[in-house]
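A quick write-up on the structure given underneath.
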């Protein structure tokens, strides 16, 4: 990669005991650049060993290096000594905590929704819109070196990544999307078995608004230090289904011109990440994969494509109403959360936008 | 009802051992007008007692009057003595059998897809388009007294019933609908547990085409002895989910004019069945029910509304792309199949379009 | 029934907003003897209309007569004017509340575990051990007319009812039982979807102890004003499975003598409730039903037998270790909770052990 | 390992398109000793490319080296050139095919039940009873160099491995076991979604008999060229549950003497595989793992322990009836089938009981 890996980055994790926090810790096991330095959570967990405080619910055991760490609070003093902070806080907590850490000069890469729609805060999918990271410099000046960069909502990431090549080639104008979202997207306090057994719940608080707003910002342009949203019109219907991991999204779209399904598939298959993104540790070769089978993608079969970092698309076909339609699966907890956040952090490091320890 | 119930109707059931056949038998238990006279199925079952031949999978036991009946074949001789025939055959078998019964002078009310799109065959939801039954007279003339009337596809029925008052008041122009369909819709040979556990399957063979074509015919006009389809544009995304009964559909629509959600709700709530439909034995008071809760309708909680004959609508709200959107639940095996077929048969009887035994 | 139904009983329901409370209210809709007079719950709900306070999760709507009732607290003043109280409180709350109501002279029929194992408190399944109700008289004397009668644990009821005829005929000596329990048994704060999807949880807090202890008491003898437990040895393995309603129990047993499966089936089928029990409103004709199919009973197919009040038994066969084994299904929320409690209350009324209003 | 890996083994797979066949192919990807030489299946698949013929349902893609292989039939000519054959045939087919391959001089290591209970055929779990492999020599003499070795039933393997150290230390006398088995255990033609959604099925054809008989043989002694079964008494209750992978078993046991749970746990934790087994490619360090959490093991969380080759035990506690009880989870498709079969094949290779290509 042409980087001299003399130094490593010390990472703090906010909301480390939650589901996204657990996924972050899992993916940082043996990470080539990042070391978990601090695990931080709410006061209920502070002072306890991580393995006691976290109700670990992933395959296998807590990574040994983290299991015995004492959980700290989320204040600037707790995170002192970290080169960067990955935030998996709930929105209400993030709204208060993340700006305080930024004021303390820390780079905060956040999976929370709290600051996503702020005009000066990048909302980044590295393969799609890395240019939004330019906003980091202005933030650093205003906030003593600290800044906040955000990762989109779990259903927005998969969809935006899957739509990106079509937008680039033809221009997206209108989208109607219906999501069937996995329960892990709701975190450890997610739905009751009573609600999802033999059922689908046609509502997720705030989700449709997020999807509708974030897509426009993701595809927006940086101008005068803010992101000007794309004039894209989006309508979302969001559902929770009895699937553990992997969001499935059925999308109909109107593009700038009429595009045949075959051409769209070719465009999707031709997609590659920009140069410095493709070489990041969490990058995967083909971040968009198109399947030809008539009944794919399916959450259980396709969520782990590219170790959970690729989106899988299928059933690309004509839409009698908007022109083109297709189905998209992405791993909400990896691509749509922990893995996505980590990829942003890696890109910031690669671009020299976070300092390295001892540097 | 003003009818003198001196006589009753003798009913034959085709495909009586399947899931829709079982539902028909369940709903004919204690029916005020109809008596099960013949249970007919494939050669595999012929000659066996119904309770042996059918793998009964509904609550409770096979109704005692039917349990001991010998299963017959599906030919005209087998059905001799019936006043009408309810068909729950698979499409391939129906294509061959139903016309033969019609030629034998029998009225066939079919849940099969085989003849739904034939121009001279009514595709009827009694509350919505009873006028299509006028086509019966021409069929009777051509076919020696016999005729075929069809019931729409299980996902088309719920949707069309839910949309009917909006179509009537404002005119439907374009629809994008995503279905999340229950496994009972696939019958006894439906999906494997392996495929639906922790998963959603984004494909059901032929379903999207059915939904797209049938809606236009349901809302079509009878003209010159055929149905002229409505110019409605429909795009469907169909999914199978791990729900036993109850199809959930997320629909965005463009109407003839801009309609506020509150007005749409009022229109939906104001819907009532035409006079002679509302008094049928399988009719329910409010066939369209609108819920105000933010997270309804849900399949498990709402599928049995009106004993499974009502559709339940919720989340009526603005659609940023097409104008209006909402969610619809209907019981696929009752409203969308057995109950719907039965209601058509009752209406035919009420209108004197089927003869009564001994008459 | 030979009773003159001039007067009716006014019933108070404790824990009315919970899952068992909802089932009680559902089953009291149109009850021939009992009227819901008071719905009582925790302070969070007090003062709100029942339909607002309760997160109703049964089919259909809250019964109209109850929907608008104001929820009251659980103190004696709140329940004043009731002839009897049905308790669906959690154990900790019941421990404190139920004795206070008894001291206030109220009959309390409780589904809670709090007082089940107290020697002077009956633990009753009306078809099995109605004699324990004799303990009521002593309680009434000690507590100013009030008393507590309890309903066993949801997995103990189905098992004890299913074993009763075998115990009566041959004497139960040792039992090894493995339960696969439905999620509704855990109430509204039951397991997360995350825990039960694609999983079985081999532990339910306190459940194995309850099952092991309660069976001995249910089959015990009343002697000197207390119940002497049967010397029965019971070993329970309890599991939570992804089933909505209906506990399945696999049981191996050693009887007082060797019994062939055919004889056991005959004994089970011959069981009937004692005379005054069989005529109660919540009684069903054959409270024990034996199925011959090799793969029954199954929770989904058999839980509603006898409107949820019958237990269904199958696979009665030789056990190479203990002698005889079989499978039992019962509806945990009806037979095992609300319906069971109600049946006890009805028997108390029938036997004149609760006063009637105005009497 | 002290072996000179100059040569490799050419492996044929019978029933390669089924679920166990797929697992075998997955686990042979990059295997250090074995190369897939032939994929064989029923006539329906013969001649097709493997990736077309198999309905692949594991994560990821068909291994590239196998995807394009033409599927062959299961006769001796088809398998010519193989050093050994791994069989994942259904029982009826295996009964006919496997002896024919043995007569052709081929070593057959079979996951099928067809020959498990034949006195001269080893029924092997390498960590538990490798001595049964001695029977191979006699078979080779009788059958021109060919032989059959079998792998126990998927629920017997996990249980026998988990019980082995207790048997060795204290002697097992009586066992009552209840299984909750995953759907993958039923293969590609397994249960319908309709049967397992919101349900448990208390019957698996032939399964209880297998479990009861195989345990006695696994723990039997080789004597005079046959296995004398252990006098162990076993009673099994078998259930199918809505879990994808991982059988859970609740077991009560009587040992040769009274053993406290703590001592049993120590004995279980002290278990290691015999020397030449522990170094095999598919071996894992601690094949028996004991968890201390009150609610473990659980299928979803523990099935992948040791890459699916370890059994996980928990809730070791006193049984009021038989003395000791516990819960066991093992991955039915890996430890209980493909991985178990492969481990047997590896042990045969290690012991020089199968010839190597070119040797």
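Each chain carries a letter (A, B, C and D) given by its place in the written order, and its residues are counted from 1.
Definition applied: a residue touches a chain if its C-beta (ideal position, glycine included) is under 8 Å from a C-beta of that chain, and two chains touch if they have at least 3 such contacts.
What you are looking at is a predicted structure, and each value in this text was computed from that prediction instead of being measured.
Peer 1: Can we say the copies chain B and chain C touch using the same residue numbers, with more than half in common, or are the two sides different?
Peer 2: Mostly the same residues form this interface, as more than half of the numbers used are common to both chains.
Peer 1: B-D versus C-D: which interface comes out with more C-beta contact pairs?
Peer 2: C-D
Peer 1: Approximately how many whole Å separate the CA-defined centres of chain B and chain C?
Peer 2: Averaging C-alpha atoms per chain gives centres 40 Å apart.
Peer 1: What is the distance in Å between the mean C-alpha positions of chain B and chain D?
Peer 2: The mean C-alpha positions of chain B and chain D differ by 49 Å.
Peer 1: Quick one: report the Å distance separating chain C from chain D, using the average Cα coordinate of each chain.
Peer 2: Distance between chain centres, rounded to whole Å: 43 Å.
Peer 1: I need the residues of chain B touching at least two other chains; which ones are they?
Peer 2: Residues 57, 197-198, 242-244, 301 of chain B each touch two or more of the other chains.
Peer 1: So in the complex, which bits of chain B are touching chain C?
Peer 2: Within the complex, chain B contacts chain C at residues 57, 59-60, 197-198, 301, 304-305.
Peer 1: What part of chain A is in contact with chain B in the complex they form?
Peer 2: 174-176, 178, 180, 197-203, 212, 233-235, 237, 239, 241-244, 248, 250, 252, 294-301, 314-315, 319-322, 325, 327
Peer 1: Spell out the residues on chain C that touch chain A in their complex, using ranges where they run on.
Peer 2: It is residues 57, 183-184, 188, 190-198, 242-244 of chain C that touch chain A.
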